[in-house]
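A short write-up of the structure that comes next.
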Amino acid sequence: MTKVRVTVWNEYRHEKLHQEVADVYPQGIHETIAEFLGKDAELEVATATLDEPEHGLTDEVLNATDVLIWWGHMAHRDVEDAVVEKVAKRVWDGMGLIALHSAHFSKVFRRLMGTTCDLKWRAEGEKERVWVVEPSHPIAAGLPKDYFEIPLEEMYGERFDIPAPDEIVFISWFAGGNVVRSGCCYRRNQGKIFYFRPGHETFPTFFQEEVQTVITNAVHWAAPNKGPKLEFGRSEALDPIQ
Amino acid sequence: MTKVRVTVWNEYRHEKLHQEVADVYPQGIHETIAEFLGKDAELEVATATLDEPEHGLTDEVLNATDVLIWWGHMAHRDVEDAVVEKVAKRVWDGMGLIALHSAHFSKVFRRLMGTTCDLKWRAEGEKERVWVVEPSHPIAAGLPKDYFEIPLEEMYGERFDIPAPDEIVFISWFAGGNVVRSGCCYRRNQGKIFYFRPGHETFPTFFQEEVQTVITNAVHWAAPNKGPKLEFGRSEALDPIQ
Amino acid sequence: MTKVRVTVWNEYRHEKLHQEVADVYPQGIHETIAEFLGKDAELEVATATLDEPEHGLTDEVLNATDVLIWWGHMAHRDVEDAVVEKVAKRVWDGMGLIALHSAHFSKVFRRLMGTTCDLKWRAEGEKERVWVVEPSHPIAAGLPKDYFEIPLEEMYGERFDIPAPDEIVFISWFAGGNVVRSGCCYRRNQGKIFYFRPGHETFPTFFQEEVQTVITNAVHWAAPNKGPKLEFGRSEALDPIQ
Amino acid sequence: MTKVRVTVWNEYRHEKLHQEVADVYPQGIHETIAEFLGKDAELEVATATLDEPEHGLTDEVLNATDVLIWWGHMAHRDVEDAVVEKVAKRVWDGMGLIALHSAHFSKVFRRLMGTTCDLKWRAEGEKERVWVVEPSHPIAAGLPKDYFEIPLEEMYGERFDIPAPDEIVFISWFAGGNVVRSGCCYRRNQGKIFYFRPGHETFPTFFQEEVQTVITNAVHWAAPNKGPKLEFGRSEALDPIQ
């Protein structure tokens, strides 16, 4: 069986600047994600970070990536526009993209949405309850119940300025009174995109089993199909015009 | 200007059986709804109730109804199947339908959805906060903020077994920990359907200004367009087949 | 690996009544479909037909079916309502359903759509060109180009009275001047439904490679996920209401 | 009644360069569109063109525009990026946008879609038949039948690389064997977008009554609602977190 090649991209700044983040993710968020994905024998996992040359996303890396996972927060502006365009093009050509948490505001995600992707937020730490609204979706497979709880998370709330998702898998409830569409699927030409809301850097969200299940499912869902060859541009008539 | 003809249908049983409901809606829920709709000069409003002959929905009434509002709860089973089929047929032919609160479980709504329309519920009275998730939708027009609160309501929560709505206008947060898609648009042939969640019989929800705004907007949205004449069935070739 | 259990249901009347159909499908359409599906080692294929007891769809059969394929045309009315309800319930509980061609008018499909499912038609035999409009969809995987042609087919055309599909995979062009949404995905609670338009009984459509690819893909797509356990009904508060 | 303020933007180059275009639209495509829209007493219509200062889209003009109609073809690259960003921002803030024909490839439309918006094309002149697939949509109101024909048009065909539209109102058939989603609705925050396919510069498409009906309907549909005030950013808890 051909493995799905996953690259986990992390900004990897918070972990180096803030002890409270390093305490939770001593090797960086990317390594925690890579570790649980690595337990899936059908996946082949690598990592890349912002401060590597070309942000670790050389043509060689991108061309060998089936699904790209993106986590970024404080340094969205430091991502070079040329890399953003390359990633967008790869998505259009079939690479899956999983945007986690604050990646809602990454250049890459906003480029592919065509909206501001702005929202309400509150970083006080509160309970998030993630409700499954589309139980037949492969991204919800294997979850034990129709909701799961994350004890402490940053709040992201509506109005979340995204295009109406092709499919909404999850909607989150927050203790402080907000809701948000927290599991959102999009297609962009040959590529699939999943936005998954949880994952603030100061909380151990990525160690939680349900969160790992969702991200692992999303990788399989977003992996490229062997889709038909598309031809754009000038096209001869297939049937006689008169 | 031709007025939009609205018929407000109510089961009208709770109000007669339970004093606590009669205290809130002494004339019946239908009269409260008819009263605030009647203030809109572009609407012409009538009412109908379950215990009238043919449930008040004779051919004459239905054929003169542009938008039907439906409230029912304890007596869904008492609605005759023949009337259900007539209402469904009128929707397919262009009549708008607005299903309120417990009408999620009405025969009419389930007939038009093709699902069970089941959900979680809890009738203890708790705060509902209705969040606008599609601010450009005409049903959200005129609301002052991107949310409004109903102090006490019955809870309806996900998983709500409806088809993925064509458009989700509202998502509700409940104090007890639940969320639900609470403003849902559907098209069924020439007819439009809006499901709006609030409106339990023991609470004065239909007297609240934001709720009245939403229902009034929904009536205008669901009013029939002068759509094209459709022809189904055997059809001659429009172009030479060879 | 657990196999996906497929039951191919066929009305199986045309083949016995009309020589021109028997010439194309001497063993019945169901056997032709079962044969090509049987080449997929991950599938376990059985058949059922209208004139068997309980239409071949006993509880035992339905409970052991992961994906049901449905072909019917001249005898939709002979399908018992009790069986229709059982099939609908199984779909809500997770069984996939693939409705082929004239199954648009089957009781089962209409029950699950909530519309008339009416359309334009013309049975003269003309070229159908099936265009892929969602190339990243798993149902389009493995198709060589972004369209394929069926030399002779019955025409089904818009206005096709279905709910707006959750996903449109194919749109068909017909020589006589019509178009139709010909590959339509729906979710109904835990079940997935795919409508695929081609497959008139007088043409060898089900022997065509691209058609076999699409149906095989659809079976895999519609196979049940191990979705979360859903709980409907009375629900305790998960968080303190005050 | 407050009028809807429409600005019709045209590249206005073809008409000055090619006699065959000037023969059809001697005053420019924008003047033809402005003329028929001007017959609607609820609209107030102005025009703007590429070669005016700031492309005729100064802040003053944009801020006084409720719906912007965009036609461009040969000079997409000459549109300044700063103007593109200003138009996108106005759409997010509620301005409607109607992209006509070759505007599928305009910077503005692609910016708001997040895809390449590429497609197949053939400029030989052939029959286009526009089929109504969503008859209850206000953009289809007043059309006499469920299709209309344009005798000669440029072909645009699938695969059309757009996000799955929120609503598909029309699908076109072309004599040469192609189909395309030809009437596509999107929401982008507070703004609505309609893409309408017909309108090649060498054909008198904009003089055709059905086309004028569709564009006039689209202007009314895309006009801003008085939507709720949105607040993004840091948000206090609305309910006690513990």
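Labels for the chains are A, B, C and D, by order of writing; each one numbers its residues from 1.
One rule holds for everything that comes next: a contact is a pair of C-beta atoms (placed from the backbone, for glycine too) under 8 Å apart; a residue touches a chain by one contact, two chains touch by 3 or more.
Since the structure is predicted, the reported quantities are computational estimates derived from the model, not experimental observations.
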item	value
Neighbouring chains shared between chain A and chain D, ordered by label	B, C
Interface numbering overlap (same over half, different under half) for chain C and chain D	same
Most remote chain, CA-based centroid, reference being chain A	B
Pair of chains joined by more contacts [C-beta pairs], B-C or A-B	B-C
Approximate Å spacing (C-alpha centroids) for the pair chain B, chain C	32
Centre-to-centre distance between chain B and chain A (centres being mean Cα positions), rounded to whole Å	36
Residues of chain D engaged with two or more neighbouring chains	127, 129, 132, 134-135, 146, 157, 159, 164, 166-167, 175, 177-178, 187, 189, 230-231, 238-239
Of chain B, residues touching chain D in the complex	94, 127, 129, 132, 134-138, 140-146, 166-167, 175, 187, 189-192, 224-231, 238-239
Residue ranges of chain A in contact with chain D within the complex	88, 92, 111-116, 118-122, 124, 126-127, 155, 157, 159, 161, 163-164, 166, 175-178, 186-189, 230-242
List of chain C residues in touch with chain D within their complex	129, 131-135, 146-147, 157-160, 164, 167-168, 171-174, 177-179, 181
